[in-house]
Amino acid sequence: MMNLAIEVSKTSTPESVLFWILGPACVLAALGMVLAKKAVHSAILLASVMIILAIFYIAQDALFLGIVQVVVYTGAVMMLFLFILMLVGVDTSDSLTETIPFLRPIAILSALGFGGLLITLIGRATLGHPMVGLTEVNIEGNVPALSQLLFSKYVWAFEVVSALLVTAALGAMVLAHNHRLVARPTQRDLSIARFRTGSLATAAGLPNPGVYALHNAVDVPALLPDGTPSDASISAMLVARGDVLESLPFQLPAKGGDE
Amino acid sequence: MKWLTSLMLLPLLGAVLVATLPKAKELLAKQLAFGTTLVVAVAGIAMATQFQRDNVDLQFAESHSWIPTFGINYAVGIDGIALVLILLSVLLAPIVVLAGWNEAVGGRWSVKGFYVLILILETMMIGVFAASDVFLFYVFFEAMLIPVYFLIGGYGTGARAAAAVKFLLYSLFGGLLMLASIIAIYVISGEQGGHTFDINALSQLRLSSTTENLLFLGFFIAFAIKAPLWPFHTWLPDAADSATPGTSVLLLGVLDKVGTFGMIRYCLTLFPHASKTFTPVIIVLAVISIIYGAFLAIGQKDFKRLIAFTSISHFGFITLGIFAMTSQGHSGATLYMFNHGFSTAALFLVAGWMASRRGSSKIADFGGLQRITPIMAWAFFFAGMSSLALPGLSSFVSEFLVLVGTYTRYPVAAVISAFGIVLAALYILLPIQRALHGPTTDGNESLTDLNLREKIAIAPVLAVILVLGFYPAPLLNVINPAAAHSIAKAGFSDPLSAIDSKGATK
Amino acid sequence: MTVFVAPSLSYSLLAPILIVLGGAVITVVFEAFLSKAIRPVAQLSVTLGTLVLALVQVWRIRHESSLTAAMGSVAIDGPAILLQATVLILAVLGVFLIADNEHFTVVAATLPGSEEERASIQSGEKLTEVYPLTLFAVAGMMLFPIATDLITLFVALEVLSLPLYLMAGLSRRRRLMSQEAALKYFLLGAFSSAFFLFGAAFLYGYSGSVSLAGIYDAISGGTGNNVFLMIGIVFLSVGLLFKVGAVPFHAWTPDVYQGAPTPITAFMAAATKVAAFGAILRIFYTSFSNAYWDWRPILTVIAIITMVFGSVVAISQRDIKRMLAYSSIAHAGFLLAGVIALNKAGLDASIFYLFAYGVATLGAFAVVTLVRDSAGEVTDLNRWAGLGKRSPFVATIFATLLLAFAGIPLTSGFIGKFSIFSAAYESGNKLIVVVGVLSSAIAAYFYVRVIVLMFFTDPADDGTSVIIPSILTRATIISTFAITIFLGVFPAPFLNFISSTATFIR
Amino acid sequence: MNAANYLYVSALLFSIGAIGVVVRRNAIVVFMCIELMLNASNLAFVTFARINGNLDGQVIAFFTMVVAACEVVVGLAIIVTIYRSRRSASVDDASLLKR
Amino acid sequence: MTSNSLVYLIALPLFGSAVLLLAGRRSDRWGHILATVLSGSAFVVGLVQFAQMLGRSNDQRAVTQKLFSWISVGTFKVDASLMLDQLSICFVLLITGVGTLIHIYSIAYMSHDLDRRRFFAYLNLFIAAMLLLVLGDSYLNLYVGWEGVGLASYLLIGFWNQKPAYATAAKKAFVANRVGDLGLSLAIMISFATMGTVSFAGVKEQAGHASTGALTAIGIMLLIAATGKSAQFPLQAWLGDAMAGPTPVSALIHAATMVTAGVYLITRSNFIFDAAPTAQLLVAIIGAITLLFGAIIGTAKDDIKKALAASTMSQIGYMVLGAGLGPAGYAFAIMHLLTHGFFKAGMFLGAGSVMHGMDDEVNMRRYGGLRKFMPITFATFGLGYLAIIGVPPFAGFYSKDKIIEVAFNAGGIKGITLGGAALLGAAITAFYMTRVVILTFAGSKRWDDKAHPHESPALMWLPMVLLAVGSVTSGIIFTHGNSLQNWLAPVVATSPAHEGELLKPAVVSILALVLVLAGVGLAIMKYLRKPVPSEAPTDVSIFTRIARRDLLQDDFNEAVFMRPGQKLTEVLVATDELLVDGAVRGVAHITQSTGRTLGMTQTGFVRSYAMWILLGAIGLLATIWVVTL
């Protein structure tokens, strides 16, 4: 199957070494990205794939692209991904059970089929001409040559891309920007409200949860001076969730009660 | 004078006028609609007087470019066959309006809506018979489904929505098959010297036999559904059952004729060889229709469905006559179309009056009407006799011509079909016996006889049936040249009688 | 050192797009600086003004066709003019609908069902960002069908898609669904554009050029085998077929059509199809034409599957928007027949069809926006029962548009269907014609079903009503109706114009 | 070694990305998989540019990056919106629209 | 020869019918008079024609009148045209003559019926149609009259159709007739297809050139037509039920005229049958079967009208037998037809008179000894009785014995069988007719006291008397110098002499008389010497029971045609619903459920949508993979 039909001349040996080291790594990283349970891992692995690709670009006389790949893709885009991941929850991970019937077996078969078909097809391809290489066009350097193209032949597309950028900005604004119609209450407002409406006993704040030698957490009620646990010291949410621990095991034994 | 266009525009004009009336002026809408149809009828007769009966070319021809990109023209022109059918349409329309004076009242929509639809339908009925451009024909063929659809669904009774849908979809299905054929023939015409839809030009095309057969089927199935021929008939009883009597008259009396008319005008003219090839199959279907329709009619418990099935049987005769490819068969079939229009109109109108008085169209709900409502009973009896082709009434002439014409070429088919004569006696006499004879049954004692309006509506129908029974010449004279011409174009000639052919071989 | 030569862009030819982009930028600026009170009116007027101006410019350059502009990145030929004009007209009509802010959320960032959301709605403010987004999308749609290199194509694809992804999620009612629609549309859209890009890569690999002309040359004089070409065509097609909703790349269509705010659905359904099919036509007619032996069978199969699938699945839909979505899938199949035809007639027919279909679609969705209850639009078909009784005028228009979809004569849909199938037949692709007419028959069923619901079913007392449309919406509805009928009855001038104009330059 | 090997890598990455879209449920990961597919395309472009000896491939790859960046912005905005409404970034949870 | 007045024969009664029907109740008072006058005028026109005909030489006697071209398509040309020849004139006179008498009779008979006007309208309609039947110059014209009389018969049988049984009887008659009509229409088709013409003259001319096969086919079809109209085996079942109509109708239509149309048809078509021996033989066989069949049924009937109807069937059997014997028999068939017209019409009117006097009682077991109360009726009925059983010199003796004689002379087994059957029939006829007379007029009274038998008014007995005169004299007149035979000779070929006679005429006569006497004697033994129970005894032999059930003809029809027909109808209705329409609905249903199933792919999960796209791409890739292999 490796009998390549494309009549391209051999690349240099160093590149070959580079390829055979980074190529498999790249594929493995990509696989890892898909298989990683945690989204963050996927993001990291994707970033590494991108960096490897950047190296490949540079290796293939696309210096500018290699840099852009690192700066734009790995730098900006992946950071954006990570931001959002953090917003959504870094820990989020997929459950492993497949909910859609038959999807998994079909997907695996498809993966094999798709990749297999694609690779065997590429294997059959011929171009009718040898690899030309970029030495000639890059003679004045990759960046000038690219810029020549970018600002003459493809300048229209270049201009239109700006529309895309505006759209993206606008889109982010529309969807994410929440201009408040009702002013958010300030701390002052809240404080006044507390004093006006609540009891003065709690106006200054509720007691903190317990602090113990063996356990120091929000889920254990503090003890009142009389030794009873204070329910007010615990978030109502935790109570509702049933995550509250008993304070009792953490209490000191009662004085004089030991004999 | 542009007779045909004027004839088509008149009802359209009437429709516009009726549409502009205020909703409350129901009576005026009726009167206006009746007046319009009457004017159209008169105009139609006037046109018929100008018709040169021995001229086999399309007469009153007009042609205006419509969609030049596709070589489509607004082209109309009629031969004797089309003339007869246009006459049928324009004569039945005022009768339907008058007979169904109060039909529209219980409908979902306003009374004027009913008449607007009827008038639009009349325009399309004239157009579909007048068109000499295949595309124009198709446009009318399909577009006329819409007013009928709304007439059934909006003003009918019972399971009207379902019936309307069934009617529309069934017809559309056929129409789309025909569209495929039309497209093909259009493309082929382009390959053989320029896109055209002119019927005469298209009949000159050279088609391979496979192509011709397939294209023929596209047209034929559409027409067979429309006609309707067994086994494409099941929409008809439902539609007739649900539609108002007036709508049913137009549906069975005129619209379905488009199918059989199309067979003559399009199937035979455009695809003579394929017509020849498929004749045995079609003859078999026609014979099945005759017998099957008759048996089904015998088995019906409802007047409207019964009449619908009798029509299926009659359409079998018409198809048989067409594909017998003899001048008797053809003329008979065309005459049959006309006669069937009138006899079915009579049956349906009277059945409708009976049903509207009784509040039911079930045969079993009637009894002894002859004593209670003698005139209505007589009218029904007369119509029934016409339906069973009693000699002396118009249907006999056509039915016999069909049988004779068929016998000369397909004796077996003719013999089997002739049994339809016996079955016809059964399916007409059984309901007559049950509904008109016998003692007066409960619920029928207070039925009223036909009023003056109804008598005026039915009288001309019965008169036409009787007069044409004894003197069909006015129509036959017009039909004969056209029928002979269409057979000749299809490459057939009448078989010689056994003696003559013996003489010829000697 | 090569000297940089300043590119000449032929701005006048690009002016329509530039005008739209300029208008978009103005609206963005307005968005930032204008007070909320006058923003809606200002944005609307700028948007409409921009579109009209662009339309005028398109009209002005119509005689300068057969030119390229922007260094050969775009072609200004007949189809380009026609398609751009079509997009603009549809956009104007679409903006009329979008102007009804009732459909859009006020602040997209508020949580559905939250206090904030309610407050924002009560504030009476209006979301005006849709205008710039619409204009950007329009610019993309205008560019997509005229782009002649893969880069411009890809960029245009994204320019038209991104705003649509966003707008799909802006519904005021049923926001979860709307956001879901946006997500699905976006994910699948991005997925398919990856395919598009991958295909572009292989086409580039095959030909060494990203311009359509270069690919054409490579195909014509290729030396190697065509594996890369075929991979390229296949993957590029996935991306393109996704946009038009061809099976099996259709799955987004119903969900997005249903979830998106109805005016957006209307605009998207009508205009995207024009843009995407415009591009498909250009690519397949100019670039891949010599490789037709490779792609035609594939596209034929897809077209057939698409027609049948769309028609068959639409039957079981209970939601009007979903039903229209499946109907659009079926129509995509019909349009593919025009692509496969690969002849002048096919091109003309496709352009006509796109215009006719786009107009009718806009009108249909416009009517959908009118049917509401207290919670907003009512899209459950069962609740459309009796609409004809409540609002005969609107129901009649909707019925007419549905009949146009079904391809009933005297509507634009019929002319479109006829022309596209005849072109397909002319190219020798008979199978697709037969399947096409058969699936039309199936499709007729669900259109007719809606008509039955509206006209023949009694209204339930469930608060559904037809609101009185705003002037703009009314303008859309009436003009779409008028165009649909006009193109059905007098298509000749329009067809002439198309056929005299529409020729691709390569 | 052969320059075409890069194409195999590209094809593999593309396939992996495509499958990732299908099997992953987290919308962000799904989106990352799409990015992987775009990257794969870019690799193909760059490789083909080298094989064909012109820079058009690199230009389009460049455009891809720009476009992808815009797409990411829009896409993530949509995902965030969804997440805020539903407190979930799973694409499976967004399945109100069906049949 | 042409004549302009033939059309009046038809037009006069037709006009009467139209006036009476259209004028409705307005004509109640004078309608019956008008109808009678018009019928009488038609008789006068007939007489004038007859007189003119007598004045011309034998081969100039036929006259024609072309009215207009009726149907003309291609070579199928049929004129509405009338022809009066020696054969038709017999019928014209019979129809109009007897018809007028019956009109007169009916004025009184129907005087209490509210719808008398309608009855007369139908009678006039019948006269017109029957005249058209015999005057038409082509088979198709004949066909119009043929079905016209069927219609009139239907209307008259169902005159009192408020009684369901009567309505059923009317329908039954129409349907049975239609079966026969089917034969006639097929005959016309065949003759057009083989000879290119349907006029009598044309067919007669061409018959010589046509193949025997075609002619046999035509002949058989005509025979079927005749069996339907003339109540011959196997289409005889309707006649008994047709007695539901008012008695004058039975006399006119179901005894004297319409039912004999079959005989007319066969005689008229002599040129076909003469050239198609098989068909001719079949005619004779059918006639023989029917004459026995009717006679046997006649022995078992207690209903006076049904007994007479069975007798009619039997007598027409004789006529058909005669007509089936070819040239030798035609004239005698016609002769028997005419004499039978007199005596049977007379007897029917007599029966009507009896019913009139007995409150419409028809069961002879409830009569008895009526001769004292109705002397005129008894006398006329008695003369008719003597005529029918063939007592010389009454009419039946001449006509019937001739047929028996000719039958014997047909030669060989055929002759013996047919002749034997005819002879046997004569004996049975004597038996059952004697039975009728005895049960009705002789013996002791068996009616209850409510009935007050009385003689009928003059309007009723006058026609009976006139018919009785005919019964007595017509036989002598027709046979005197072979007058009828000679008269008809130009129309029907008559066989020259009795060659190869099997039995001498005298032998036949004596044999017949002996058998008749035996029959009479047996009847006297059985019904006069023993008391007749007023209820029909039930402990009778199986043969009697079968005879009472009309030899199971209805049971046969019911089992063979009606039940299977009904079953078939039911099956077809179900088929239409389930299979034909079911297929349509099935397609719709399958499409719908396919749509629903395919719609399931829309799971709502975006990943599955992506899967579709991916699978699509894979599909496309696989395609090119295969293509580029």
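Annotations
Labels A, B, C, D and E are assigned to the chains in the order they are written; within every chain, residues are numbered from 1.
Basically, contacts are C-beta pairs under 8 Å (C-beta built on N, C-alpha and C of every residue); 3 or more make two chains touch, one makes a residue touch a chain.
Remember, predicted model here, so these are calculated numbers, not experimental data.
When the partners of chain A are compared with those of chain B, the chains appearing in both lists are C, E. Of the two interfaces, D-E and A-C, the higher number of touching C-beta pairs belongs to A-C. Comparing mean CA positions across the assembly, the chain most remote from chain E is A. With centres computed as the average of Cα coordinates, no chain lies farther from chain B than A. Between chain B and chain C, the centres computed from C-alpha atoms are 44 Å apart. Between the Cα centres of chain C and chain E there is a gap of 78 Å. Here the CA centre of chain A is 14 Å from the CA centre of chain D. Look at where the CA atoms of chain A average out and do the same for chain E: the two points lie 103 Å apart.
Residues of chain B in contact with at least two other chains: none. The multi-chain contact residues of chain C, meaning those touching 2 or more other chains, are 108-109, 151, 155, 158, 162, 165-166, 169, 183-184, 187, 191, 195, 205, 225, 227, 231, 254-255, 445. Looking at chain D, residues 7, 14, 17-19, 21-25, 30-31, 42, 47, 49, 51-54, 56, 59, 63, 67, 70-71, 74, 77-79, 81, 91-92, 94-98 sit in touch with two or more other chains.
Here the touching chains pair up as A-C, A-D, A-E, B-C, B-E, C-D, C-E, D-E.
By the touch criterion stated above, chain A contacts chain E in their complex at residues 99-100, 103, 106-107, 110, 113-114, 117-118, 120-121, 124. Contacts from chain C toward chain B in the complex involve residues 348, 388-389, 392, 403, 406, 408-410, 414-415, 417-419, 421-422, 425-426, 430, 433-434, 436-438, 440-441, 444-445, 448-449, 452, 455-457, 491-492, 495-496, 499. Listed in rising order, the residues of chain A touching chain D in the complex are 4, 6, 8, 10-11, 13, 15-16, 19-20, 23, 26-27, 30-31, 33-34, 39, 42-43, 46, 49-50, 53, 56-57, 60-62, 64-65, 68-69, 72-73, 76-77, 80-81, 84-85, 87-89, 92-95, 98-100, 103-104, 107-108, 110-111, 114-115, 118-119, 122, 127, 131-134, 136-138, 142, 145-146, 149-150, 153-154, 157-158, 161, 164-165, 167-169, 171-172, 174-176. On chain C, the positions that touch chain A within their shared complex are 1-2, 4-7, 9, 14, 21, 24-25, 28, 31, 69-74, 107-110, 116, 119-120, 123, 125, 127, 129, 132-133, 136, 139-140, 143, 149, 151-152, 155-156, 158-159, 162-163, 165-166, 169-170, 205-206, 222-225, 227-228, 231. Residue ranges of chain E in contact with chain D, taken from their complex: 599-600, 602-607, 610-611, 614, 617.
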